[in-house]
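The next block holds one structure in the form of C-alpha cells; read it before the comments.
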Amino acid sequence: MRILEKALLIEILKGLALTLRKMLFARPVTIQYYDKVRPVPASGFRGRHALVRDENTRDTLCIACLRCVKVCPSRCINIEYEADPETKKRKIVKYEIEALRCVYCGYCEEVCPVNAIVLTEYYEYIGFKREDLFFDKERLLKNWDEFIVTQKRPYLNPFWKPRGIPEKFLPAKKRQFTGV
Amino acid sequence: MEELLNELKEKFSSVIIEIQEKDYPTLICKRNGFLDLMKYLKDEKGFKYLIDLCGADYLEYKYKNFEERFEVVYHLYNLDNKILLRLKVRVPEKDCWQYSVTPLWRTANWFERECYDMFGINFKGHPNLKRILMPDDWEGHPLRKDYPVYLEEEQEWKTYKEFKEKIKEQS
Amino acid sequence: MLEKLIYFLIAAITLLVIALLHVAYLTYAERKVIARMQQRLGPNRVGPRGLLQPIADMLKLLTKEDLVPYGVDKPIFYIAPFISLVFAGTGVALIPLWEKFVISNINVGLLFILALSSLSAYGVILSGWASNSRYAFLGGLRASAQVISYEIAMSLALLSVVLMAGSLNLMDIVKAQISSPYKVYLIPQIIAFYVFIISAIAECNRIPFDLPEAETELVAGYFVEYSAIRFAIFYLAEYFGMVVMSALAVTCFLGGWIGPFEVPYIPFFWFLIKLYFLLFVYIWVRATLPRYRYDQLMGLGWKVLIPLGIINLFLTAFLKLIF
Amino acid sequence: MATYLEINKKQVNEEKWEEPFYLNMGPQHPSTHGVLRLFLELEGETIVNCAPIIGYLHRGVEKLGETLNYNQTIVLSDRMDYIASAANNTAFALAFEKLMGLEVPKRAKLLRTIVCEMARICNHLLWLATHALDIGAMTVFLYCFRDREWLLNIYEKICGARLTHTYVRVGGVRQDFTQEIIDELYKFTEEFPPRIYDYETLIDVNRIWLKRTKGVAVVPAEDAINLGLTGPVLRGSGVPYDVRKFRPYDAYGEVDFVVPTGKNGDTYDRYRVRMEELRQANRIIRQCLDKLPETQGEPVVAENAPDLLIPEKIKKPEPKPVPKKGVIFKGEEIPVVPPGEAFASIESPKGELAVYVISDGSSRPWRLRVRTPSFVHISAIPYMAKNHLIADLIAIIGTLDIVLGDSDR
C-alpha cells in the first residue's frame, strides 16, 4: 500500500490539490495599497509626531518641563525655553524632534503632564532630504492640524491615559482628561 | 541545595572564597584550582549546561568590597535537579587572565571570545581567542567603564577613517 | 523558388512573434497564477490587471546598464546567453502545430530537438565558467551534471514513442497516434510520459529541480553576474525551453492537434489548449513543491528514472514484437 | 582570508597543486537571514570547514544599556530579536523586577503571557516561512505571512506598534487590553489550528521535504547540551528543557501545556517540535484569555513600580523639611534601585534568553548582560555543518532559527 502511495505521488498530489483549491476559491489577502485601499491604523498607533494645538491660544500646550527630553531613549527631542523672571513660568522657544532618530516608543506622550505631545496615527510620511524629517515647532503644530481634521473630536490618545494604569501614576492634569 | 554547597565548601576550601545567598547561590572563587572545581561540577554533580559566561567591570563601583577590577561570571545549570549556580572569579587589571572552560563546554568558546573582545580578559587555553563582535583591528575594549560611550573624532576606528579619506579623494 | 522563400519567411516570422508573445505572457501568467495560489494579487500596476507588465519588464531590462564584472572571460561571457536562447528557441520550428503548418518537416525531428536541448545547456555551463564567480561556477557544475543525467532519461522515454510510431519525424508521430486505436500515446506510454515530464522539468531547471540557479543556495547560480539584457535573454531562454518541452510533450504523447471535436477557424485550438495545460502544470508544481538537493536529484535520475525508462523501452519493444 | 579558518594547510607545490575551494557566503546572501557571514572551505560541494563571522549588526546594546535607565533599556530590547520583541521585553523586565523586588499584578502577568505566546506564534510562523522558502517551498511562505499579519494587526491594537512593541514595562505592562482585542484573540485561537494543516499538507509528508530534512544536521542530546543549544533545537534532540516548566515565570506556572520533544535530533524533528509548539502556544493563549475576566479592572502595574522616567536621585525625606526660598533641600541620598545583581531567563521563541543585571544604586544598570539564543546557535553551525552539502547548510541555518539582531546585539 505504501509503495503504491509512493509511486502514485499521493502526498504530492494532495499538495497540488491544496494550491489549486486556493487558486480557484480563496480570495487574495493582499490589498492594492494606495489607489484602491488605504488601511486605517488602529487607535493608538505610534506614527508621526505632533504637538497639540490649544484651541484658545492657538499655540502649543507645552510647559517646558523637559520630562520628554529626559525620558527619550534615543534623545531625539530638543527643547529650548525661557523663563519669565517674575512668574517663573516657562515658555518654549524651540521644540525640535528629529524623526529619523526617533524609535517610536511613545514614552514622551506617556510622561507628558499636560498631554502636549502625541504620536499621531498618521503613517504615510516621507522625505527626500534629512531636513524634511526634522520637525520644528511650527511643523509639529502643522502635523497636528493635518491629523486632527481626519479624526473625531474630542480626540484621546490611548497613551495619554493608558488603560489599566492606576490613577496615582498619572499627573493631576491627566486624571480628569477626556480629550482635546 | 544546602548539602551541595557544604560539600563544595569542604572539598574546595582552597578555591572558594565565599558563598553568598542572592537570587541564586553565588560562589566567589579563586583562579587557582578553578578548573578543577568546574570539572567536578560538570562531571560529578551534573551541571552540564553552561547558561552564560560574561565579564563585569567594577571600576569605581560604589559598593565594592574587593580589590580586583574585573569579574568573570558563570551561570551553571543542573538539568536533572533544576539547580542554578552562579560562580564568580575576580580578575585584577594588572594580571588580566582567566582559565578557559572551552575544553569542558563548547558553548564557552564564543562567550569567552566575546568577553575578551569586550573586556580584554585573556582566557588561557582557548583555541582561537580573537575579537568576535568588533572588527579585528579595533582598539580598546568597549564594555570597560573607562571606554567612552561617544568617541571623539580623533579616536575613530582607523579603518573607517582611512575609508572616509579615500572617498573624499575620489569625489 | 522566391515565392516559397517569401512564404517561408512569413511563416517563420509569424511563428517567432507568436512564440515570443507566448513566452512574454508566460512570465505574466506564472506570476499571476502563483500569486493567486498564494492568495496574493500579483502584478496589477501596469495596464489593466497588470497586462502590460511583461512589456514594462522588457523595457526596463533593455534600458538597464549592462554590467560586466572585472575578471570575466569576456567573449564567452557575452556569447553564453545567446547560446542558451538560440538552442532553446530553435526547437519551436520543428513542432507541427497543425497538419498543414510546420516550418521544417525534417525526418530526424525528434533527434534534432534532443540535440538542441542538450546544446542549450552549454550556455549555462559556459556562463558559469566565464563569470569568474564561485556561485556561478557551482551553478554551472550542477547544470552540467543535471543535463547529462536527465538527457538520458528523457531520450529513453521518447525512444519508446519512436518505437511505437516507427518514425523520428514529429509529423509522422502525430499521424501514427491518430491512426492508432488509442488516439493518443499517453495511454499506452503512461510510464514514458511520467519519466518525460519529470525530466523535462529538470531539463528546464524549474522547481523542484532548479539547482543550477537555486536562489536560496547559490543566489542565482550561473547568471548571478549577469544584468540587464543578458539577464533577460537567460530568462527568455528558460521560458522558451519550457514552451518547447511542453510542445514536444503535446506532440509525442497528447496527440498534437487532434481533439474530441473540430473547432472551426482555429486550427491550433486543441494544440494550444494542451500546451497551456502543460505550462500550467509547470507553474503549479513550482508553487507547491520544495527543492531537491543536488545528490538526491542525481539519485532520482539515475536510480529511478533511467531504469524506469529502460524497462518501459523493453516492454514496448516486447509488446510490439508480439502484436 | 583563510586566516578565518583554522585550516590544516594542504601541501601546495608545483606538481600537485591543490587549493581548497573557498566560498564566502554572506553577509549579503538571500538565505543567511540577515548579515551572517559564513566562510566555507569546500570539497566539491561538501563543507570541510566553516567559520561564522558575526558582528555586522553590532549596536552595543550592553554598553548603551549602561547609559539609559531601566525603562528606557526595554526599548533597546525590542531591537534585539525584532521578530518576537515582546519576549525580549519580558526578559528584561523580569530581571529588573527581580532586582527591585517588585511583585507584578496578576492581570499584568496574564497579559504578558499572552503577548509572549503571540510572539512565539509570530516567530515560529516566520521561521516556518523562511525555512520552507530556503528549501524551495515558496507557497508556505505566503500562507505563514497571511496568518502572521493577523497577529501583527492585533499587536497594533494592543500597543500601537507592529514589530517594536515596547509593551512591557518594569512592574507590569503599559496598558490593558480592550474587549475588542480579547474578542479578536478568541477568534484567532479558534481559527488558527485548522490553518496549521494548510502548511502541513504542503510540506509535512512531502517526500522532497522529508528527504531534505530527515537525517540532516543530527545533534545528539549530550552534544546539544554541551553546545549550549536551547529552545526547540535542544528539544528536538529529546531533552525536555524548557524554562517555562523548569523555572516558571509570569503566568506559566498556572497554565497547562505540553513541552514537545523530538527523538533523532535532526532537522525534521526540530520542525515537528516547532509545529507542535504552535498548537501549544495557541492553547496557552486560550487559557490565559479564559482567566482574564477574573482580574477585570485590576491595575496592570505594580503598586511600587518606578515611573517611566526613573529619577536620577532620590533624597531621604527629612523629618522636618523647611521649604524656604533660597535654602537648598538637603538630605541624604538613597539608592534609587537597590544595589545588587539579578539573573532572569525566559524561554524566548528561539531559545533561552537570559538577562543578568548588576545595579550600583543609580537609575541605570551598572552592567547589563544579555545571553541571546541566536549567538549560541550560530556558534554551533561549524559543528552541525561539517560534511554536509551547501544545500544542507541552508537547511541548518533555517532550522537554528537565528536572527542576527539577536546574536550581535
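A, B, C and D are the chain letters, set down in written order, and residue numbers restart from 1 in every chain.
One rule holds in what follows: contacts are C-beta pairs under 8 Å (C-beta built on N, C-alpha and C of every residue); 3 or more make two chains touch, one makes a residue touch a chain.
It should be emphasised that the depicted structure is a prediction, and the values quoted were computed from it without experimental measurement.
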Partner chains that subunit A and subunit B have in common: D
Most distant chain from subunit A by Cα centroid: C
Pair sharing more residue contacts (C-beta pairs) when A-C is set against A-D: A-D
Intercentroid distance (Cα basis), subunit C paired with subunit A, Å: 52
Centroid distance [mean C-alpha coordinates] between subunit C and subunit B, Å: 60
Interchain centroid distance [CA atoms averaged], subunit B/subunit D, Å: 23
Shared interface positions of subunit D, touching two or more other chains: 139, 146, 202-203, 206
Shared interface positions of subunit C, touching two or more other chains: 37-40, 287-289
Chains touching one another, given as label pairs in label order: A-C, A-D, B-D, C-D
Complex contact set, residues of subunit D against subunit A: 68, 71-72, 75-76, 78-79, 107, 139, 146, 149, 153, 156-157, 159-161, 164, 166, 173-178, 198, 201-203, 205-207, 298-301, 303, 305, 307-309
Subunit D partner contacts - residues on subunit C that touch it in the complex: 34, 37-40, 134-135, 138, 207-208, 210, 214-219, 286-296
Contact set on subunit D toward subunit C in their complex: 21-24, 29-31, 45, 132-139, 141-143, 146, 202-203, 206, 208-209, 211-212, 389-392, 394
Of all residues in subunit A, those that touch subunit D in their complex: 6, 11-12, 14-15, 18-19, 29, 41-46, 67, 70-71, 73-74, 103-107, 110-111, 119, 158-159, 162-166, 169
Contact footprint of subunit C on subunit A as seen in their complex: 12, 15-16, 18-20, 22-23, 26-32
